[in-house]
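Right, one structure below, let's go through it.
Going by the order they are written in, the chains are A, B, C and D; count residues from 1 in each one.
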Amino acid sequence: MPLREACGVLGIASKSPILNLLQVGLRALQHRGQESAGITIFDKEHITQKGMGLVSEVLDDFGEEFTKGTIGIGHVRYSTAGGSSVKNAQPMTVSSATGELSIGHNGNISNQELLREEKENSGWAFMSDTDSEIIVRMIANYLSKNHTIAKSIQLAMEEMIGSYSIVLLHNDEVYAFRDPLGIKPLCIGQIKDGYVVASESSAIEIMGGNVIRDVEPGEILSLSPEKIISHSTTNTDNKAFCMFEYVYFARPDAKIDGVLTYSVRHQIGKKLWDEAPLDADIVVPVPDSGIACALGFSEASNIPYREGLIKNRYVHRSFIQPVNEQRKATISEKLNPIKEIVEGKKVVLVDDSIVRGNTSKRIVQSVRKAGAKEVHIRVGCPPIISPCFLGIDMPSRDEFIAPNRTTEEITKEIGADSVEYVTIGGLVESIGKDEHDLCLGCITEKYPLPIEGERQRGQATLEEFEI
Amino acid sequence: MPLREACGVLGIASKSPILNLLQVGLRALQHRGQESAGITIFDKEHITQKGMGLVSEVLDDFGEEFTKGTIGIGHVRYSTAGGSSVKNAQPMTVSSATGELSIGHNGNISNQELLREEKENSGWAFMSDTDSEIIVRMIANYLSKNHTIAKSIQLAMEEMIGSYSIVLLHNDEVYAFRDPLGIKPLCIGQIKDGYVVASESSAIEIMGGNVIRDVEPGEILSLSPEKIISHSTTNTDNKAFCMFEYVYFARPDAKIDGVLTYSVRHQIGKKLWDEAPLDADIVVPVPDSGIACALGFSEASNIPYREGLIKNRYVHRSFIQPVNEQRKATISEKLNPIKEIVEGKKVVLVDDSIVRGNTSKRIVQSVRKAGAKEVHIRVGCPPIISPCFLGIDMPSRDEFIAPNRTTEEITKEIGADSVEYVTIGGLVESIGKDEHDLCLGCITEKYPLPIEGERQRGQATLEEFEI
Amino acid sequence: MPLREACGVLGIASKSPILNLLQVGLRALQHRGQESAGITIFDKEHITQKGMGLVSEVLDDFGEEFTKGTIGIGHVRYSTAGGSSVKNAQPMTVSSATGELSIGHNGNISNQELLREEKENSGWAFMSDTDSEIIVRMIANYLSKNHTIAKSIQLAMEEMIGSYSIVLLHNDEVYAFRDPLGIKPLCIGQIKDGYVVASESSAIEIMGGNVIRDVEPGEILSLSPEKIISHSTTNTDNKAFCMFEYVYFARPDAKIDGVLTYSVRHQIGKKLWDEAPLDADIVVPVPDSGIACALGFSEASNIPYREGLIKNRYVHRSFIQPVNEQRKATISEKLNPIKEIVEGKKVVLVDDSIVRGNTSKRIVQSVRKAGAKEVHIRVGCPPIISPCFLGIDMPSRDEFIAPNRTTEEITKEIGADSVEYVTIGGLVESIGKDEHDLCLGCITEKYPLPIEGERQRGQATLEEFEI
Amino acid sequence: MPLREACGVLGIASKSPILNLLQVGLRALQHRGQESAGITIFDKEHITQKGMGLVSEVLDDFGEEFTKGTIGIGHVRYSTAGGSSVKNAQPMTVSSATGELSIGHNGNISNQELLREEKENSGWAFMSDTDSEIIVRMIANYLSKNHTIAKSIQLAMEEMIGSYSIVLLHNDEVYAFRDPLGIKPLCIGQIKDGYVVASESSAIEIMGGNVIRDVEPGEILSLSPEKIISHSTTNTDNKAFCMFEYVYFARPDAKIDGVLTYSVRHQIGKKLWDEAPLDADIVVPVPDSGIACALGFSEASNIPYREGLIKNRYVHRSFIQPVNEQRKATISEKLNPIKEIVEGKKVVLVDDSIVRGNTSKRIVQSVRKAGAKEVHIRVGCPPIISPCFLGIDMPSRDEFIAPNRTTEEITKEIGADSVEYVTIGGLVESIGKDEHDLCLGCITEKYPLPIEGERQRGQATLEEFEI
């Protein structure tokens, strides 16, 4: 099975040393991947430090050789269990005919198995399980045929189907490119002594820089300390911005393709009230991701907002463990209801999304045990019915609660008094983009491009697909 | 200099194995100390695992020998730089005439230097720098003179001046005792197969137990799987419950000596509005500790509550580093203002307390840079003018911003449009206890008991002090 | 059960920094203990680094604070399984009425259980399982009663029965003392900028120093960069130098109490031939400890010396593992016979000693399998029939092969064509000391002082024993 | 600069689990490389554990998944500083058109830079700096063109110039092949449940197996639990067995291409006496590598053999540190002269070889300081005047002592009374092979095949070279 990953990428071209900036930037992107972290800095050659763990663990202690480089890239990564290995950590470096190439990738190449087979059949051999290695080898191959880097990237893009926001270090040059549908975010900014590219705008701000703009879907850029050059842009009619970045994945302070995620979530909260009002005493968020949504709900409804569930910040590491059992075990530790707040009350719990439903079920139980009279759930994302194949880590389809269940059945299963999801229309409206410019695959089962092994579900096949 | 520590303690007597309960309970107390963690379990003898780091790091992987014990204690600890060493980690174990004794201590013994000198002069020798070692040796000494454990504890308490909430494992018996003024919290609860004692009530709930009551100030208890026995209680006229536990230190879901800290903080928010109303567009909390207060302020004032500062959860580990420089470096990373929310607005920032003022200054700067028209600060704790000598880790007096500055000077120093602190009266009223039953030393410079080296400031000396 | 330990100690008083000297000296003593290693250096206060592992692992990487001190002590340690814990690692430090005291101890206190019980009954409490803690606490106690250090040491020595060669750091002063029977070795030397005391003379030479003399049995010394002062010497009629140091334990280049161990071993080899000549083709040592003995045998007999067993240097770490099973598993890996050398030959295998007999049995098997016509064993130490209670780690009595077996039975058990041990007389003659000045406890069952629990075997009891 | 490495390889095909056998075998080969170690076992897929350090450190603790596989390979490695990185550790695995390929390589490919450049120019990209990656990719490439494995190996061998003894795991099949000149050793044996291939015969014996024969130069073999198949052998007129394996590198109990290294060394000792007799009192080996040679010298000369230099076994780890300064620092620690043995004597020191001369110089100094009257050096290898480019790690040419110095100048430089090397003729005779079947490059500057960058010294160029 191809790996599904969630990642964050970062590239910097500066006139002054960048080690600290890479650390700061990657810590700001840490929520995008807590499994491994790494950087590659150019100082005469590519020098890399990477490993399993948080940025604060893996990228905390550096040798002298890392302190002078002014050009480099960084990466944070989360993956499903199968790919949880240091050999898949990034940046990944190869030496090629034109020098060293290091890559950091966020996204998922849908046709990676076909590509891998095709390349192996032509005599290539791979050292990791990642699509990133396929990409960097394809680029190295085009480079050896005397193409420029930008052209080599473009030729590789023509072979790749999927989502990708990529930073590439070629000797001392930083390149960045984004898939033609713009599925994963990527934006550029200016810092004191140069330019940066990062998965989220807030990372640029936190590094002390100013956001310039999003990288265009299909665009290939290069960064130098003096300027950013846009080499080419592959146009498509529609885009496919990932709705889940707005709903849950990106930081609340990230502005993705022109839209602030916090505002989207706040707006969804209002929609939730408009679409399904009810009689209740307090609105309680499921922290942290349900907070903005719950505040919007409270504001629209005038029902008081109360923090009735206290989150333990010190168990968040358990998210790293990809085994389901371990997740279950710690939910009651992570969220403790305050009896004094919920006792005797009609409670509206607002959550960002429901995937398996296990967490929701346990929260409802504990809030009831703490004395709540009624527990209603409002969800800021429509029912998730199909996995993401394009860069968000999700469980397999049969672990979802939503497919093949009515809302009543879900309500019963979770044990709530009512469960209401925001509608797809309400969600799209809250984001404020055209429905055809969003990837809604996980809630509509209609993906913006063909997915290997999903043919039977009415997708175009990979062979038929044309960019 | 005697060590100042902030800690959390836990004791369990059960009929079934407790390793997992100790882990769960200590993770729920992790906010009380992130520097070291440890447990001692009785299984024929005292077996201990402890080390520098979080519970999830130090107490994650255990040998077979830890899995069967049903009686034990646990500890988390934070200390100032000087004492940051594994030799000071707890529980600390000694073998004595009557068997093994292990101790976990939250608090600070004010006369520890006098006691230490006195004991060394009578031929004792110490292996650590902690007051906990003095306490456990005193108890061992009384035990060798054929006193019962409860009597030995009582005799040791008669020698000790200071704050202490202590769990003590003597062979297979768990004892707990609290200083006569009740400075540090301690409460007892019932779990499925036995009884527990913990620094905060929420830890008991998260362990699946029911809170019974707080340990009385001056009370000595023993726990068995079948019952709790109260051996004696040393009465004093007034108590001295630490106000800072309510304002900042304890979890929002902790009920300390009958009062929920979340409610206190929410109430303080309302007081802040009542005491100093103003014209503003939005109320923004300094997360996480200012949130309850900000919500109270918003509710009282009807000024909309907005999360305009986004906290990066992945840099919290920097709190462990006791060096000031390192703290400064990461503040801008920790809190990022959302431009779209604060731009052009009159902003009220609500924080739980101001110690040095560095953080506040930097936040004001960043919120202004993000476009705020005005930045007003409201603080949920009166000006801190004197260090805590009784169990809360604070910087030294000359690092505080408040002493020798008027509110106007502080406003100017921080760069805000206005700064208002809750009054001492307002604070006391929000807590809902008699002023004479609170320790307000850090805001009044009047401590409930004599402090070594603080004589010149009008305190009773240690020699004059009588319990 | 009291711990039995084998250890090496080192003390230095210099005018220049000693960190490197401590490392060099402890590596030269590493064979005396591979389980834990540690140093304590005085630089305003006692600073210690210690841990489980070899010197090259534990004492390889130091903070800046260790680089300036010019006074300090070091220790390497091996112990039986029960005491294998970092809490028993040395040096061990206490703070006392007169300052800090750190101790490094080689030997074993026979009355440690009585002393421990007595001290606990008078109110003391212990943090480790070692006799070293008892010793250092006794000295601290006498110091608090205004005795000088030398007097305090002497008073403690009057309470202690057993073997001990000890280095003691009291603030910035190094003291050394040796038990009245001189059981364990200890010698003093001069280095470039000061003086040293070490378990073996070769350590002093390897540190670039000159050996001055052995510490006298019962002598108390202090070292300063300028001189050595001998404070007092407790005389006894006879000494009890450990014969096993000569036979096996000390380095071949160590001169202990005037006698070079290599010469003793070479001489024993000659005795073995004299006492039991035979017809053979080649003499093969069991490396490394049988080499000197085998060379002596070859020289006396004119039978050619051949290295027919090749030792793998990379499995020596297995000696650290105190479990018998693990030892067995690696013997065939450790010693590989060379077929070309032993095939068709009458082979004399020379070993330093036989304890359990397992190793010998396996070696005979493998040498036979490689084609030897006959395999005769010659042993440089008389049959070991009783455990050492005075500082050499040995298995318990019932694991020995020699008790209750005739030489013929042993020969059969091991599977050799003949087995001959050097006689006690031959051993004593080879060492060249009076039999009454040697501890021969393990081969005669007669110990030079009473051993706890050995009363039934005809020993004086501890109570009857007078120094 | 291409990496120069010294390594050991091991391959096993068995019917029962092999994890323990791999550990035992690699420990027996540990002397061939102490920098990194690794194994790859087939169990449905290739699973690898490798890292920097000794076998006992890196390959000590395994997950369950390693315990069932019955087919696998192993590797130990030492390299010069430049390549000291875990990314160069072996086995190295790639996935190819026909499945997984893992390689373990001992030797050095002389034309690796040309090959690398050629392959990069055709679009390949590399992840490590090793020639092993080039080899495995070439084989993978031929496999994708529908060649059999044996044929693919043969085609790759036609492109490679240099020394190589290689184990290759292709899915569940073990292959082994050796360069046409047989420069590095490799032999095969039978174990209880299958077959093995290993760098040295003694590893097979220690694993409990029987040695069958050496792999022929140029031979390609495959191993299964049932049999060994020889696929093809590339013949050349002469061989080029590395003389340094006999003189120093291999274990004394290794039989390489029919000759026992211990016998060669013993014989060289006799030659040294025959070629340059002298008047002396004792023969002292430089342990450990000079021992066999010194025994031969003593036997031929009738001058008594004495172990006058004692080696500290616990500093051997310093050999891992590739920096010259560190080597110097520990020589005096490693070898301590026994004064009682050398004092007043005419001493013959016998060493296996002299490279830089630093060690010899220091030993002469220390033996003189210990009182030797005369110090003569005899060396079991002719003067080393040119680096090894074929698999033995040596310093660069300008660090050697021998080039451009007469024996008199070397004697003076080292400070000895005389220095005599065995002659090339004497060496060849001691090995017992035809001079044209030995690689004597390091002592004659005439290599058996062209070396990149050595053209100016009269070598055939790589282009001219024909296998």
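By definition in this document, a contact is a pair of C-beta atoms (placed from the backbone, for glycine too) under 8 Å apart; a residue touches a chain by one contact, two chains touch by 3 or more.
Keep in mind it's a predicted model, so treat the numbers as computed, not measured.
Q: On a CA-centroid basis, which chain has its centre farthest from chain B's?
A: Result for the farthest chain: D.
Q: When the centre of a chain is set as the mean of its C-alpha atoms, what distance in Å lies between chain A and chain B?
A: So the centroids are 37 Å from each other.
Q: Using Cα averages as centroids, what's the distance between chain A and chain D in whole Å?
A: The computed centroid separation for chain A versus chain D comes out at 50 Å.
Q: How big is the gap, in whole Å, between where the Cα atoms of chain B centre and where those of chain C centre?
A: So the centre of chain B lies 50 Å away from the centre of chain C.
Q: Would you pick out the residues of chain A that each touch at least 2 other chains?
A: Within chain A, no residue contacts more than one other chain.
Q: With touch defined as at the top, which chains are paired up in contact here?
A: So the chains that touch one another pair up as A-B, A-D, B-C, C-D.
Q: Could you list, by residue number, the parts of chain A that touch chain B in their complex?
A: The contact residues of chain A facing chain B are 24, 27-28, 30-31, 34, 54-56, 202, 205-206, 208, 251-253, 255, 260, 262-263, 288, 291-292, 295, 299, 304-307, 310, 312-318, 332-333, 336-338, 340-341.
Q: If you look only at chain B, which of its residues touch chain C in the complex?
A: Touch residues, chain B against chain C: 92-97, 101, 120-127, 136-137, 140-142, 144-145.
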